[in-house]
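Structures are listed in the sections that come next.
In the two complexes below, chain A is the common chain; its partner is chain B in one and chain C in the other.
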Partner chain A sequence: MQQFAALLRKDSRPVRYLVVDDSVFARKNLIKMIEMFGGEVAGEAGDGLTAIAEYNRTKPDIVLMDITMPQMEGIEAVERIVRQHAEARIVMVSSVGYQENILAALQKGAKHFVQKPVKPEVLYEILRYVLSDDPTAAGAPVALAGEHRS
Partner chain B sequence: MRMELIQPFINAADAVFAESLQAPTKIADLAMDEETYRRKGIAALILIKGEIEGRVILDLAPEVALKVATHLAGSAVEQSEQVARETVCELANMVIGNSVTLLNDQGFRFKVFPPEIHVNEQGLAGGADTEAMVICIETACGQVYLNIAMHYLHRRRQEREPASALD
Partner chain C sequence: MSLFPEDRNSELRALFFESANELLQSLNEAGLDLEANPTDEEVIRRVRRAVHTLKGDSAACGFHKLSELAHELEDVLSPQIGLSVGSRLADIVLIAADNFGAMLSAYQRNAEPPSADSLRVMMRTLIHGSAASVPTAPAVSGIAAQFHWTEYEHLMISEAVHRGETVYNVALRVDPASLMHAAAFQLIRNVLHACGTLIALRPEDNSAAETLEIVEAALASNQSQEHIAQRCRIPSVVSDVRIERAATPDTAEHELLGELLEVQATTVASRPTSAAANADAAKATGSAAITIAESSLRVDAARIDAVMNLVGELIIGKSMLHRSLTEFDQRHARDPVRAKLSDALAFQSRVLDELHKCVLKIRMVPVEQLFRRFPRLVRDVAKQCGKDVALELSGQNTDLDKGILDALAEPLMHLVRNAVDHGVEDAEQRIAANKPARGTVYLNAYHQGTQVVIEVRDDGRGIDLVQIRQHAVEKGIVKAAEIQRLTDSEVMNLIFEPGFSTAAEITEVSGRGVGMDVVRTVIDNLKGTVHVSSVKGRGTTIQLRMPLTLASIQTLLFRVGGRLFAVPLSSVVEITRITDSEIHRVDQREVLRLREQILTLVRLDSLSQIHAVVVQDGKKKKRNFVIVIGAAEKRFGLVVDSLVGEEELVIKALPTEIISSDLVSGASILGDGTVVLILNVPAVLSRLSRATPLGAIA
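Entry: the complex of A and B
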């Protein structure tokens, strides 16, 4: 199994994730990777509506959001979350990776996109990138456990 | 048989299983099928409608689906038919998602319907004028079957036009 330096918040606490996917199986897969990255699962949701409620309840550092889901799709959930929480950092995770989908998600406020099947090393780099733009980190780069910082 | 429409699905299935299981896959068998498709395990059926039309079936034995689920979850999963069905659906979503991305970027416009699990004993008919290709992929968790029947909607209409004119 690949080893990853833990992705941490500026306060050196684990990054908290909200995992949104209608497939329990897909959520488990993402949670396994989050644990590999030293993160913590703040909440889970199986549709866009629940994702909004869970976001408000848990205030996660990162949301991993599927696109095609029942009740409310991921792109609409992104729009609603970002409208209320401009600082939200949402990464779309979807099997369908064509440009229209990606552009729509980014236009609604998603920070990045990763296509399924998710490769841990790809997700890791995307999370590093998204976290480095952390407004709560006041411009400081994301701390990596074991990484020397001056 | 429109190989240019079928190849993206074969490539996507191969890549999805190889990447998900972190192990090489092999196309074990490839055959044309004009008969009604009879499932071998849990089959997820996905319909595609638009400029290209057809259907794709991903078919796995329950034990193979549970092995894949265990591998992806990184821990033991509940050994239930529900988990097996959900695994097949999610795998079908990944295969279809990856293949339609390619077809969409080639300029085809179509709608993909969510996977439907097929558990009935009666078979699944292909399109009226479409033969299907059945592919058996050997994976680290066991055999996976893909049944693909796709055609161009517009080209078919054009092909029918001269015949109509003769009537």
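Entry: the complex of A and C
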């Protein structure tokens, strides 16, 4: 298995993730990667409504959000979360066929997107980029402490 | 450099630039048509003809780079391509027009023309349908970026630089491995937005995103270059970044406008008469865009002004003769020479009238010359704001003095830009307000009396009076205690106050705080008026009223307190006689009831505050004349001592140190040498409303 330097918050604590996908398998797959990156799963959700509730409860650093889900689609969830929490960092996870939806999600305030099937090295770079968005932080804001691997 | 014989070289060069600019204008117009109807073969042919003519002319002048580029573009322009690529062809035509423009101005300055590599790349992509065969020109970081912005975007860049912001040219290569180009483009746009103010973006939208390779942008930002570069390296979306400080355009804003005016000044393109230049151009005749007008002549405006002045003196001379004849009449009533003299005088004045009209006509040009650049401006601004805005022009044939027309270019550009940027709402808001998603800006021109009215109207959100009140108080333009006493129209006019920056309404994309006070200053200098009206949620109309010409006017002469004054006859509605007993007082103001309508009365002496006491108390006249004057839907009655008559006055410009009051718009000399002051009706009106208690004037 590939090895990754841990992605950490500025306070050197593990990054906290909310994983939203209606497929349990897809969630487990993402969670595995998150753990490879030294992250911590703050919550999981199988639909948009739960995702909003979980966001409010856990206040994660990153949301990984699927596009197509029952009850409430990813786009609407993005819109609602960003409306309440402008600082939310949401990365859309979707297959190529849903480009229109990704486009819409980006317009609603999603920070990035990653194609399914998700490759760990691609997701890693994207997360690193999304986490470095604080303009006040000098240089690379994320510590690359190698020993923090789980 | 040129095939022209030396002695004719510069003259023909000038002719070339003149006609080339005309061609560019028609290329722009055809490009916009093409955008609307991408498959219209006739439009494509029109574009082709313009490009072809440009190719021939520039080759004849030895401008080979330009002619090669035109040649390449000509190859692209076929109806089949129009069918297969749709509106992308129009984009290319418009970008090409910009490229040609940049090259022309470089040639004009004898500078090396800029390369048009990115245009070439676009053209090749269009032909081959794939990017594979495109050889990328070597560039600093391997990205062939051209950063070729439109004149409007250049204007925005230099404005940003003048404001002290740093403007960067950013080029990003979209990761070829990325399979979702449209989403990639959106993300790039988001990131750029987050870095600062996006002034320009190529491509402008994601309609052609699937073949997208390079995104170019002009970005005004306070962030460091490293930070922007870091943000632009978006993993799995961007594979390469090039960022550099945008060179401050060597043409400052006003020079740029000056150049624009130059372009507009070329009314009719005279074709180069040299055989070499004409050989190619002749093939392209039938070109709809260019009227071959060998009979037209370019004359220095100063020469026309000189003629105009002389005609003015002649008119004064005419009235001198007229007076002498009247005197002669009285002394020698029976003299047979009298009739001959009077016949000769009548003949002379008829001819003089004609002469005067002819000279005036020389100065007149249709407003179309000014209007024609706006379709492109509206398109560019609308695209930048992400709005869908249509422009409707009307009254293009309205004639206006060339000097006035030229001076109007800048304020009108600001007004139209404001209308698109601030006036028209986003599509979503429009639909929510039950309006069509597409906004419309109307530009209209028409004559009214001796005035020309130019209207900029939009069907947007209208002006929020509450916001303006609040803003004016914050900016310290009006004291908080006073603001509630102002009427709505007075509040509306606050936007013209210097220092009333529209900063609160700044949109992310463009048009920030363009001083409306500049607009008013220009219009004031033209002895015109600006009128704003707005209905919240329905739109805003801004009316510019200018005199038809600055040279002469028909007036009514009258006397007040022993002095001779004149008002423009066009603003006189009627004349009536009244006795003092008919004058009533309402709210410390004299009014007259005239056929069931209440008319506010004005005494010149009280307005100027000097002779007020002397005249009012000194001469207790029983009967007075009242001249009813109307301007901009408002009316007032001017109380005068006596009427003198009608007279055509040639306005003499007076130095500002002589006229200390804005109530007088000019002066003139009568045949007997008497000086007449010409009343500035709009200024009297505004003086009146300022001095008026709330709501006293309808």
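The rule is simple: the second predicted complex is superposed on the first by the 134 of 150 C-alpha atoms of A that agree within 3 Å, B and C clash if a C-alpha of one lies under 4 Å from a C-alpha of the other, contacts with A are read in each partner's own complex, and residues count from 1 in each chain.
The working rule: contacts are C-beta pairs under 8 Å (C-beta built on N, C-alpha and C of every residue); 3 or more make two chains touch, one makes a residue touch a chain.
The model shown is predicted, which means the values in this text are computed figures rather than measured ones.
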item: Contacts of A:P117 with chain B and chain C, given as first, second, both or neither; value: first
item: First (chain B), second (chain C), both or neither touched by A:E125; value: second
item: Partner chain(s) touched by A:T68 [first = chain B, second = chain C, both, neither]; value: first
item: Contacts of A:Q84 with chain B and chain C, given as first, second, both or neither; value: neither
item: First (chain B), second (chain C), both or neither touched by A:V96; value: both
item: Partner chain in contact with A:F25 - chain B first, chain C second, else both or neither; value: first
item: Residues of chain A contacting chain B in one complex and chain C in the other; value: 96, 99-100, 115
item: In the complex, chain B residues that touch chain A; value: 16, 19-20, 69, 72-75, 77, 83, 86-87, 89-90, 93-98, 100-101, 104-105, 112, 114
item: Complex interface listing, chain A residues touching chain B; value: 23-26, 28-29, 32, 68, 94-100, 115-117, 119
item: Interfacial residue positions of chain C with respect to chain A in the complex; value: 179-180, 182-183, 186-187, 190, 194, 206, 223, 227, 230-231, 233-237
item: Chain A residues within the chain C interface of the complex; value: 96, 99-100, 102-103, 106-107, 111-115, 122, 125-126, 128-129, 132-133, 135
